[in-house]
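Below, chain A partners chain B and then partners chain C, in two separate complexes.
Up next is the complex of A and B:
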């Protein structure tokens, strides 16, 4: 058997292995996505969906400030959540990877992600009770005499951010930890040999080498956060709407699928831009 | 406690309820039916129909298994039906104001009027204009309630709650939750403006928007059923605008300080209807199910469903309710309440769009 024939056989085998995943993606992502994109160019008139190509839904999005504000709110909350989650997750992952003895690391990691095991909805409602006027935090602060009046935390953007950060810190801890434990201790030894102190070693060696883990986690956080409907709905008190809430609003009573599809495409574009930025940045760092 | 929340009374109220998502996730519910039921009935319903105490007696009596799917909002129901094959569904529960949407889509079958206890149904909720077309009956009202004012009587002056303008006065600023469903809420605003809900037009939009903004400025939050009820129960807010017996009745034992009232200007009334699907191959059995639901016994069970409580449409259901249940529902005060309330607006599709846009605008303020 010649080398070419072997290569062809390998290639066929590779396609064979990849085919189920490709077909799955085609059937359940590409085709529905194309259908959604087409629907976003249709229009709802009265009770009918009119299948005439037009940009009305997109024009409406950019002309109505309440809709546009939904995207702005989504982006603001997502950026705040992503940054805070990274800042909190990194030290946690570092402590688990570097300070916890090897035999306890798995247990520490399980404890760190334990809240993942509870229902997302239940967790959000639990936060609502914790953050409410008569909740644990306010009772503790007033009990200690630190505040006279309860803080207004529930039903605010702060509550939404707290709910999100609690969830995403767990996710980021996993991605950063997996990156940290792969780092050879020789990098730090080499840096120390060259006279770098602990901070310089971290800043110039460890941090750049763990950026892929940070960026992977940050991108996942961005994607999951910007598309989330549950947390802002429960914890935000509808004091501002994010884009997924506006999408849901189009569907409930009016069943305005073309408008909901257009808003979803806009949301996907935001995620795509985030991906392009992350991918480019990571590439530069690796180079 | 939260499981008892009434979160299905009409589409937005249910749609916006995140807890409802959990119900929907497990929504193809089948009560423990007879082990060897000879037939099955598929019903697209609101969550109050999933209480086994309601469905089981019908299943046992008719040797049938009733498969129930809970949906969120008329829009969602129509999508489910659109994606189903003709005959997949036998019974539909739908918002009283949307029955004509279903009739126009040729989804509902005509029901023989004499097979329904129409004369026993409270006259104000018979809603012939909604449930019938061209003299033919397509649905029957099964349950109703009010979007009005719920409050904590230990924290606010109950006399203040008799005036609807309290919702945009600054006396209770920051202590008010607004129920997140634009139709009844705009209806309430209309009543506050001295307009009948059925007479709201595009010309009223500027005044409605102004009052919505004023109401928003006084509120702490705009929330779905579960969040609203949680806020009221935990003292996060003291007033819920848009609430009613469906918020407080289920809490009456645990939270006797929570109450509701209908202000002098009146309040908005909601109603849910039930009908037989036109393409059902089990028309007789489906009609039998509808008859059971609107019978006095079925009505008492539906009114006190574990999902949410609200008034039974059949006035004879009182015979099957306990005194405590009747007190929580204010069963004996319905004559006065019905006079003071109006069905929530049934806007044209264009006006509906304007209502929704105004609501979205208000939420972003």
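Up next is the complex of A and C:
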């Protein structure tokens, strides 16, 4: 019913309408990306980029422990953040969906994601106010006499994780909540009729049914977290560098664009692997 | 009965704790933007608006604010127009390879901003193109176009086709159909795409950081303020940005989404 055979004039028109967006994406996304991929196979000598095809950058990545450690740090932090965020967000989404009266739910949700709308850079900075040596937490704890010396939280991995979890709890609460309210109450009634208690109903019925939503949210968390430079740079400091920080270092002091390009490709591969793992896992769940 | 009270008590306690966690940094940010003193950390010395005054007389900050608005609005308009045209073409004409085209248009969504920015930077450097607000805008269209296309494409249902066909029978050409029939029918989703894209561009850091040189956007300017460490002025500008975003969110909630809910 939508479209039968296209006249030549119609086809020209259709291409004409789609062309600007397609050309934009080609020119400013596909071409730059391919250029960067090519560049990762060149190398830097002095301040010059030499266009000789080689795998030096990738070989250096696997032989230089500082670089490889960046990927390991990135993966560790991302996995910790993803797991913690899901564990914190799921109960929150569940309480909002189940315990909060219907007419207040939308408000509770908007409230739960309100700090989401602070500027991204500012959000990390505000955690610095809370976590730094003379920050809110340390002053409170010393004031109460619980600790003598201020805790070193800022400029550690802990601070990075806290900053990330704060952001992603809001995101995941949103995705998990929308998953929970779509669930028909009939499933739970059926489980209860068959003699399941509240815990069994949750574990065998509700949780598996919301798993696709959790996985989608978790994958989103993984992708956004592993590619982020701002939060680790502000909160984590320079102690344990993550991959995006190392990429930015190549650009700055060293002006080693080919190495930055190679590291970006490695970052992308990590995301692709995560996607493949998630996708396969989801498919098994559906079968 | 006792167990139910217990469960509900635990639930509310959990809710309170997580909300406290979520709001803690924002509350601290806003509170100490009114600090009467040089450090935005406890103790709170007293109430003062001096840091807000400092923000408003800071020329660089105000220029960055203007740049951010310019880039956000221009890049969102371009993203919406291109996204709308592409959505119209792909939803109304069956072109060969349309699945591939959709995939291409959505693809930038799956790649981190850092990588998009690096690619553009590498290419611009190789072409000896100077960095400016224009290059930031180009980058922001790359990240917002998929979003605008997806939102508008999703709202182009088949039920609007007959109305468009009627307009065409009455002599309207494609542009008239789009401007006078399709776009007004899809206005809620076009506006949603526009405002979402404005918020993303407004808040975007890494692309703006890597692709700008002399004129910078607000997040980049705030970033350079961070080098001076904890500073109540950063709190003040941060609180203002937060206030502006929340105001925009509330307007959207009560006008746009409120209207679509009623329909």
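In the analysis below, the second predicted complex is superposed on the first by the 255 of 287 C-alpha atoms of A that agree within 3 Å, B and C clash if a C-alpha of one lies under 4 Å from a C-alpha of the other, contacts with A are read in each partner's own complex, and residues count from 1 in each chain.
We adopt the following convention: contacts are C-beta pairs under 8 Å (C-beta built on N, C-alpha and C of every residue); 3 or more make two chains touch, one makes a residue touch a chain.
Bear in mind the structure is a predicted one, so any value in this text is a computation, not a measurement.
When the two complexes are overlaid on their common chain A, residue A:237 makes contact with chain B while staying clear of chain C. Of the two partner chains, neither chain B nor chain C is touched by A:276.
By the touch criterion stated above, A:253 is placed in contact with chain B alone, chain C being left untouched.
Of the two partner chains, neither chain B nor chain C is touched by A:87. Looking at the shared chain after the overlay, A:20 reaches chain C, while chain B stays out of its contact range. Counting residues of chain A touched by each partner, chain B versus chain C, the larger count belongs to C.
Contacts of A:46 after superposition: chain B is touched, whereas chain C is not reached. Contacts of A:59 after superposition on the shared chain: neither chain B nor chain C is touched. By the document's definition of touching, neither partner reaches A:207: not chain B, not chain C. In the superposed model, A:268 lies in contact with chain C only, and not with chain B.
Common to the chain B-facing and chain C-facing surfaces of chain A are residues 119, 121, 125, 128-129, 132, 134-135, 230, 234, 251, 257.
Across the interface of their complex, chain A is touched by residues 2, 11-12, 15-16, 18-19, 21-22, 72-76, 78-79, 101, 104, 174, 180, 183, 220-224, 226-227, 230-231, 234-236, 349-350, 352-353, 356-357, 360-361, 363-364 of chain B. Those residues of chain A that touch chain B in the complex are listed here as 46-47, 64-67, 69-70, 119, 121, 124-125, 128-129, 132-135, 152, 154-155, 230, 233-234, 237-241, 246, 248-249, 251-257. If you check the complex, the residues on chain A that touch chain C are 1-3, 6, 10-11, 13-18, 20-22, 24-26, 28-33, 35-36, 39, 88, 91-92, 95-96, 99-100, 110-112, 114-115, 117-123, 125-130, 132, 134-136, 139-140, 166, 169-170, 223-224, 226-230, 234, 244, 247, 251, 257, 260-261, 264, 267-268, 271.
On chain C, the positions that touch chain A within their shared complex are 8, 11-12, 14-15, 18-19, 21-26, 28-29, 32, 39-43, 81-83, 85-86, 88-90, 92-95, 101, 104-105, 107-108, 110-116, 118-120, 122-123, 125-126, 138-139, 141-142, 145, 149, 158, 161, 174, 199, 203-206, 210, 218-219, 222-223, 226, 230, 234-235, 237-238, 241-242, 245-246, 249, 253.
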